[in-house]
Amino acid sequence: MFAYCSDPQVLDGLAWLSCYLTTGKHMAIYWAVGTVLLLLAITGPAALLFGFGGAVAARSPVAPLSWLGRGYIAIVRGVPDIAFFLFFVIALDQGLEYLRHLALCPDWDQPVRQGSDFLVCPQAKLPLSSAPQWQHEVYGFALAVLTFAIVFGAFAANVLHGAMRAVPRAQIETAEAYGMTPRQTFRRIVVPQMWIYALPGLGNLWMVLVKATPLLFLLGVEDIVYWARELGGTKTPQFTDYPHGDWRMWYFLALLVFYLGLTRVSEIGLERLMIRLSRGQATLGGAAQGGVR
Amino acid sequence: MDTSPVIEIRDLHKSYGQLEVLKGVDIAAPRGHVVSLIGSSGSGKSTLLRCANLLEDSQQGEILFKGEPVAWRGTGAGRHPADRAQVVRIRTQLSMVFQQFNLWAHMTILQNVMEAPVTVLGRDRAEVEDRARGYLDRVGIGDKADAWPAQLSGGQQQRAAIARALCMEPAALLFDEPTSALDPELEQEVVRVIKSLADEGRTMILVTHDMKMARDCSDHVVFLHQGRIEEEGPPGALFGAPRSERLRGFLSSTLAHDPAHAAT
Amino acid sequence: MDTSPVIEIRDLHKSYGQLEVLKGVDIAAPRGHVVSLIGSSGSGKSTLLRCANLLEDSQQGEILFKGEPVAWRGTGAGRHPADRAQVVRIRTQLSMVFQQFNLWAHMTILQNVMEAPVTVLGRDRAEVEDRARGYLDRVGIGDKADAWPAQLSGGQQQRAAIARALCMEPAALLFDEPTSALDPELEQEVVRVIKSLADEGRTMILVTHDMKMARDCSDHVVFLHQGRIEEEGPPGALFGAPRSERLRGFLSSTLAHDPAHAAT
Amino acid sequence: MSCWEIVADYAFRSLGYGERLLPRSDFTLCQQVVLIGSGMIWNVYFGAVALVAGFALATLVALGKAARSPWLRKPSEWFVFVFRGSPLFIQFFFAYFFFLSLKQSVPALDPLTSAPVGAALVLFLNTAGYSAEIFHGALRSVPRGEVEAAEAYGLTGWPRFRRIVWPTMLRLAWPAYTNEAIFLFHATTLVFLSGFPAAGQKGDALYYASYFADQTFNPFVPYPILALYFIALTLVIVAIFGAVNRSLNRHLPAARRPARPRFLPQIVR
Amino acid sequence: QDVIRMGTEGAYPPYNFIDDSGEVAGFERELGDELCARAGLTCEWVTTDWDSIIPNLVSGNYDTIIAGMSITDEREEVIDFTQDYYPPTESAYVAASEEVDVLSGVVSAQTATIQAGHVAESGAALLEFATPEETVAAVRDGEADAVFADYDYLLPLVEASGGELMFVGERVPLGGGVGMGLRESDAALRDQFDAAITSMKEDGTLNALLVEWFGEQVGTY
């Protein structure tokens, strides 16, 4: 990075550290921070969307839709995210490629499964094997986002489903009495009022999601924890210009600070939201803001 | 003037589990008429109103709105309205003031009043706002338009609930003890409102514990006792010469010890 | 008999943010007396009761219970009771019936009534249960002992709230419109209860919109108007010969059109 | 070898009973099902211990967070912040280091570095942090009228909390708390994945599942088995929590018209 | 096929690791680049988690595995290997003192590896850690008496420890040689790489590479 870094053996103290912390490998961990933040920024809303869809489906009066929603919640919520990531992503990837295969190569005569191999026609590969590396990475990232969203969507659906039921019945009845259709009642009364019941649960879910980002590595995305492990592990002089002992402690400490910071920011945001939502409500939280009886 | 009933209830039965609350009630409210429902606490008055606008399923009997009978599906405890569109259609023409007010907690008072006309009837927002403020002024809480329900006194909440019902400008209204939290002055104002609504041709069913109000407003008074109609008739006759023992007992407590006596 | 006030309020001021609700109110209720608080909706009656049992912090003025002044910490908007033990001590001798009842939703009616005597006063459970059932019978909902609050009619909930207050057998009671949801018959019963409580030497402050009730029960009537006491005195004088313009206007609506006239 | 023999050999392998060695070749479905199921014993153990103990601590911490005194509030806030704010495996990592150094000075604390004690302790603290926040949030949604009524009747402090606030808080918190319980059981798979060492090939369900995935190079058999086990476990949790939820909500009138089975939405009209 | 994607782990020096500049480096990097050059292929390097390295290959996410993977019968059933480019490997015990009895003490190994299986069978008390790093740390902390791992992985660590760690007990030959893994359906590609390996073996460049990365005592062809 810096000009004086060409021969690290002669450096010491801060100069050494400044070179050490700016190696290409360290750049990768800084990038990974961005990856994690980007993943969270996309997955959060996406999971909420899945959750909302799941909750709406689960409470639908149409039986098959309701089964679908309940099944989604029950099954996906039942599987530990790790186990899910260990086989689901590959399955998802194969599923997508298989669909493309059916669509793009109707004349393909060889079987798709040959022994343990999974072979689709070259045009159906996702992304195409000729695609540049960044496309592979974006695709992997997109699969990760989708998987996270599906998994956490199931939990969000459960929270939202509960919150919808926590809305006092009198409030809903009144809307019905005024001729609102179920949809209007849902949109105008249930949804605005459910947030106050849902937010603590959703906030927690968000925290769990943030803390699940280390699992990204299982999905083939190199996240900060992967790099922290890699960088912190003992380095012998043979393979690096910057040999050191087991420094995982320090890297993990840095991770701890990073995650605590992220948590703090999230908490402040959630707190603001909560204050906004409980404005004027006759609850202990609403009352804490004063002026409410 | 058309005098066929706007709201008609025939032989209505309603139970909560084992508890039979309504045991065959018939009521007919023609256009522009006010029918008052009196009776002791727990006699089923609120339940009757809630059945009338289909918030509760009843187990037996007919409900007709403007001559159109509600279509049912199933029987007994499994009886539900068959046609959701019909239910919505009836309800948009039938506003209710709840005994516990049930203001929507997440909306300001003004939003509460504007909500149904804008969302359900699809009226123009600005026009509805004018009208809503007018009704809020009329019930004397124009200055509370931007307060939350939880910040209002009991009487103010009740008045907001009344304004909300009025703003729908429905063909018929159901009032469940609309003056329970109001002082005599405001009560008189509500009586005036009800009378002017009747003059406009709106039909009302009014549950009240206030015999004076029942007497002042209604064209017809129904005395409900333990889920049955014990006695009914025009207010003059009913209050002047109650026939049944029960009604006489019920009214006696109103007539004794009246400040009116002391004042005169 | 000791006639020093059990509840005394001196120059009480209370604001919600910008809105000044109580602007210097003085009230004294001696032992065994019933003080009625009348006034239009939003005049600050509920707020006064809530200040009296320290549910709301007031910004200025004194509150004394049995001659003992509440100790304060801080001033103005930052004023709070200084001594929690004192607050608890006062409250266990001072029961309140809320305007919105505030029954504990997760307990049955009987549990609601038994809760405070057992948990706070540490009374014997079996003995309290007997007493609680007695009070429930007295207000006419003995058969609802095992129902949940959400299953009761408005009037039944109100009666449960009254039974809950009575079961504490406190030195003083605060009633916030205790008969708003009750029919005239039950109202008379509540009047009787209040009178017998007064005879037992209990002190009461009663907020009501029912002038007849105020007249029947009270030793002293206070007319609150916009956060100030506009007029006060014994019921006979106050209702018989109101001095202030406002009170006369307020009462006029009660006196006109009374079914009592029609009946006689 | 019949499946019954496999059950006899491996059903309690995760606890150290039965066959000393794991199967090395010719893996059968039965072996996978039995061994992964054997590992579930640990997942259930970790989850149950942490959940029960965590519930109590969470309640205290939630109360602490709501307390007026900064002496109670600040430590509670920090506790929740740290345990909710950092990934579980970092907690495992530091806890393991910490326990290692602890036992060097206090030999009696030797078991702390073993998973059954150390990991359970970390999971307990972790779930307490999350649950405390859920409870705290629910605390703020308790209807004010009921709390005021309690105050007015002299119910303060502990009795007020236990009799009035707590039941309502639980009712409001329950859906989110159910989620947390499920998360906790899922998190137990991290114990051997990145937390504590597994001694003598005694591990949890994921340990055996990844063992088989590694030996057979086929993730599509052991992980779905693991998933099915967890779905079953989750269904049990949901059933138990659902029963509690029903009793917490028993005072509320049931929804009037339960979603009636309707195959065709009323589009026509 | 225009681009061959080479899958590796990037965490197993000296076979493959991530160098200071964040690139895949090591013996297999140099070998792989040379093989591609000889076979006339364009190659691209991809890192992936060891646990899913074979499933990802058969599902087509990359085309070869070149990650220090020993040729075993079990693996042969699922994928194809080229001929070995590293002679059969040995595993070794490392301890903090000479006296340790590796057959009855506590021995650490990485979870679910051949080494872990060997320790379990040897009668020693096995202590499994998720990463190789932790297995060595356990010896330093006294949690384990010895660590059992690949000799080539341990050697640099022992050398860098300054006498704190030492080899003890017998070395154990485990696994066949190391080869490149390919899908069974990719026979043509395998033949190309096989030919390239043969040519490197023949002209001595492979031996030179082995010595460069593993030192003089390494087995050669």
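Letters A, B, C, D and E name the chains as they come in the text, with residue numbers starting at 1 for each one.
As a working rule, contacts are C-beta pairs under 8 Å (C-beta built on N, C-alpha and C of every residue); 3 or more make two chains touch, one makes a residue touch a chain.
These numbers come from a predicted model, not from an experiment.
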Separation of subunit E from subunit B in steps, with touching chains one step apart: 2
Rotation in the CA alignment of subunit B with subunit C, degrees, nearest 5: 180
Between subunit B and subunit D, centroid-to-centroid distance (C-alpha), Å: 51
Subunit C and subunit D, separation of their C-alpha mean positions in angstrom: 48
Chain centre separation in whole Å, for subunit C relative to subunit B (CA means): 28
Junction residues of subunit B, two or more chains touched: 55, 84, 100, 150-151
Where subunit A touches two or more other chains, by residue: 86-87, 90, 116, 196, 248, 282, 286, 291-293
Sites on subunit E at which at least two other chains make contact: 51-52, 55, 58, 78-79
In the complex, subunit A residues that touch subunit E: 23-25, 27-28, 86-87, 90, 93-94, 97, 114-120, 122, 125, 129-130, 133, 136, 217-218, 220, 222, 229-230, 233-234, 236-243, 246, 248
Interface residues, subunit B side, partner subunit A - complex: 53, 55, 84, 88-96, 98, 100, 102, 104-108, 115-116, 119-120, 147-151, 164, 168
Contacting residues of subunit D [partner subunit E, same complex]: 20-22, 24-25, 100, 113, 192-194, 197-201, 203, 207, 210-211, 213-220
Subunit E residues touching subunit A - in the complex, by the definition given at the top: 1-3, 5, 10-11, 13-14, 17-23, 25-26, 44, 46-49, 51-52, 55-56, 58-61, 63, 78-79, 131, 133, 136-137, 140, 156-157, 159-160, 183-185
Subunit C - residues contacting subunit B, complex: 16, 38-42, 46-47, 99-100, 140-141, 151-156, 158-159, 177, 180-188, 209, 211-212, 215-216, 236, 239-240, 249-251, 253-264
